[in-house]
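Structure record follows, encoded as structure tokens.
Per-chain residue numbering starts at 1, and chain names A, B, C and D are given in the order in which the chains are listed.
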Amino acid sequence: MVFNWLHLAIILFLIVGILFAAGPLILAALVSPRARGGDIGMPYECGMKPFGSSWTQFGVNYYVYALIFLAFDVDVLYLFPVAVQYHLTEGWTAFVKVFIFLTFLGLSIVYFWAKGVFTWPHKIRL
Amino acid sequence: MAAQDSAVVKPECLTAGGARIDPPIIKVEAVQNILDVCRAMSLWPMTFGLACCAIEMMAVGMARFDISRFGAEVFRPSPRQSDLMIVAGTVTKKMAPAVVRLYEQMPAPKYVMALGNCAISGGPFRFKGQYGIVEGVDNLIPVDVYVPGCPPRPEGLLEGLFEIQKKMTGRRWWPNPVQGAVK
Amino acid sequence: MRNEKLDLVTGDFYTQNFQKGARENTLILNLGPQHPSTHGVLRVLLELDGEYVLRAEPVLGYLHRMHEKMAEVKTLVQYMPNMGRVDYGHPLAWNWAFAGAAERLGGIEVPERAEFIRVISTELNRITSHLLWWGAYILDLGAFTPIMYAFDDRERLLDMLQILTGSRLTYSSFRIGGVCADINDKFIELCKDFIPYMRSRLPMYKALVTDNIILRKRVEEIGVFDQDMIRRYGATGPVARGSGIDYDVRRAEPYSVYDRFDWQVPVYQKGDAMARYLVRLDEIEQSMRIVEQALAQLPEGKIIVDKAPKYTWKAPKGEACFPVEGGRGLIAVHVISDGGKTPYKIKLRAPGFSNLSLFAEASRGTLLADSVAILGSLDLIIPEIDR
Amino acid sequence: MMETVFDQLSTQCVAKCDYAKTGLHWSVFLPASEIVRAAKLLYKEECFLEDITAIDVKEGYLVVYRFNHMDRPCRVALRVLVPHAAPKLPSISHVFHGAEWHERETHDFYGIEFSDNPNLVPLLLPADLDVHPLQKEEGARASLADLLTPCEVLRAEPGFDLLTPKAEEEGKKAKTAGAEATGA
């Protein structure tokens, strides 16, 4: 594999990127004084000692929200190449294919809508 | 580097909670001076309004007295992102552990301004047989600047800010309203 | 990775006491003393199931400044500065309540001009209190600009009140038997400029904030209090008037010269946070009307009764209570004296104390963001609650 | 309107106060057992609780409940005398829920126990401070008759002598309760 200027540029770009990101952090660690001891390790909760841990069970809504975001995120991933090549296609086939792909995602929205994931009532009965 | 100067405050322990501040690894005079000026020009105060002085602290943040002319208008609610703790109001005995914990949870370099008579010495609530307040916040945490008044006028708070900047960088950066020249 | 260090039972006395009634798998959180939306040092213990508040318990006392214990150490005339620091939102109402109670006890008649100066300065102070609440409340809901406008107007008011009282925030300018400073032309001129200026600002606030769809979504239908709940907790002031109860101490038990002015008491029926918001904004308009009429009818004469009580004044035996309509509700100072140099006991009835006591029931089952909106709509000043 | 409430209660003394001098309309003395019934009656009358406080006098702690009405303002002060030795009172917080805090505050300052108050932990004082700051020393306590402004007693139980100034203060008018009751 012949080593030419392009590879060097890439490596340089990599190093500068890392330095640009990590540099201030390292500089700050070296140059600034450091607070130690006391409650600095304790999680900040308005000046009070926190109680119990936050590793408790949450409602399923939050998980489903993340799931829907993930689905559509991946969906956009697939749509990128389609967008690039779409002007080369002719006829309706490409359109129909993308349409089918999107309807399945739309179905997931309808399903979760029916399950009540998107309804956040202002007040719940206890 | 006021509260952090080991010469100024005994190094082994700054607060009752056993917190202390270690000096930086690279201690080059020139670098520290430059950094001090940068820190002085962008002090981020923590919204720690306890009582009446908090309203004057809010008034300083607003348009008329405008603390943002001096770089300190970003009032951070959490101690993790602030480096100036303005104790604005009466510290009661019930609130004392929270004050110490908030001070300890601030990253170094950190500075404390005791705003108002209550934070300096208990102020109007210091009388024989008082059972509820801590007379002066310097019993709990090391204080850099005391701003007297009940409540001090917003100009007083700005003067306190200049004092902290003077303590950090060694000189006053803004014209003195009375003499006009920079001392 | 689980954080073992925290699994052990921590928290302080109140957290453990609160935790006894907690359900399984809920998060106990401190909306603690140092929190941007609690305006001072109010701590609320929340039991959360995800976003929903199952149970809330306000914990007080983080700003208890022993006003009632100080009353037994100081003489009556010395106690006035405390009244400026019990409630720094509307201190002149507290000055009035205390001075009124002492005057009732001592049977002292206040001259006409002093009564009018009291009305003018207290109503202007009510406007500063409502502007402070308005700016801070919208700041709680997330908008930063309105507090800039509110404090801009408030500074003009503070300049005017500085002429009458000599200080910016913690006023103690009332005296037992009158007022300490007279109205001069500069004050009247500033007042004459301020009222039309403020009247031009209120429509702008209405357009900028009140009709803003984001605010309406955050504040309408939130924290609905019915009249029975208001009575069970003893909430008064804008909190009660937001739920359709037409109770204003200036109208119910008219004191001083309030019955000579023509003004309305704004009352809204829905009882949600929006209703309380609108009541306070309308009250700014009503206070300006009162100030205008009071300035027009300002009589000549002394501003303090001659031989007004001095430092060593001993109040006669007996008890007296004087209710006043403060910015947050019914303020009552109850002075009990045994004829000695210092009063036997002074009880301060703070409206914020009762208004906050209904928060636990009002925020059950609401979203966390809505419970902050309810807390802000109660207009809390913490030293008045902790006293 | 308020008279009907007082008639249904077994009050120790009912007095109509002069509003101009004291700011109160009625001042009623009740035994400790009557307070919950009084609260229920006043709740039916749509009154609201202004506040609860206590006065430390020679005879004991005088716990003062002040009620008021929102449409027809009429400030009623219900007074209950509780001995120093065992200051105990039934709680009215299940009738007026706002009373829970007022009772906790009075418990903080005076150490008066309010039985079945749902959460009788210190409200304003630190949890570990077990001194009750507003209690007076033995010598500083005044007797009740000196403190309250004399008001026109409508009805008083024969054995009720709290409001009569004690005979041993020589400059005092030695009015006996009997003369008042017959006069009303």
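Definition applied: a contact is a pair of C-beta atoms (placed from the backbone, for glycine too) under 8 Å apart; a residue touches a chain by one contact, two chains touch by 3 or more.
Predicted model only: the values in this text are computed from it and were never measured.
Common partners of subunit B and subunit D, by the touch rule above, are C. Ranking C-D and B-C by contacting C-beta pairs places C-D first. Each chain gets a centre from the mean of its Cα atoms; for subunit B and subunit C, those two points are 29 Å apart. Here the spacing of subunit A and subunit C, counted between their Cα centres, is 45 Å. Between the Cα centres of subunit A and subunit B there is a gap of 39 Å. Within subunit A, the positions touching two or more other chains are listed as 46-49. Listed for subunit C are residues 12, 32-35, 61, 64, 66, 69, each touching two or more other chains. Among the residues of subunit B, those in touch with two or more other chains are 94, 98, 102, 131-132. Interchain contacts give a graph that is no line, ring or star and is not complete, per the touch definition above.
On subunit C, the positions that touch subunit B within their shared complex are 32-36, 39-41, 61-66, 69-70, 73-74, 81-82, 85, 88, 132, 136, 147-148, 151-152, 154-155, 168-170, 382-383. Taken together, the subunit A residues at the contact with subunit B in this complex read 29-40, 42, 44, 46-49. Listing the residues of subunit B that touch subunit A in their complex gives 1, 4, 13, 15, 17-26, 31-32, 35, 78-80, 98-102, 104-110.
Across the interface of their complex, subunit C is touched by residues 20-24, 43, 46-51, 53, 55-56, 64, 66, 68, 70-71, 73, 75, 96-98, 100-102, 109, 119, 121-128, 133-134, 136, 142, 146-149 of subunit D. Across the interface of their complex, subunit D is touched by residues 12-14, 17, 57, 60-61, 64, 66, 68-69, 72, 101, 104, 107, 230-236, 240, 245-247, 252-253, 317-323, 330, 332, 334, 336-339, 344-345, 347, 349, 353-354, 357-358, 361, 386-387 of subunit C.
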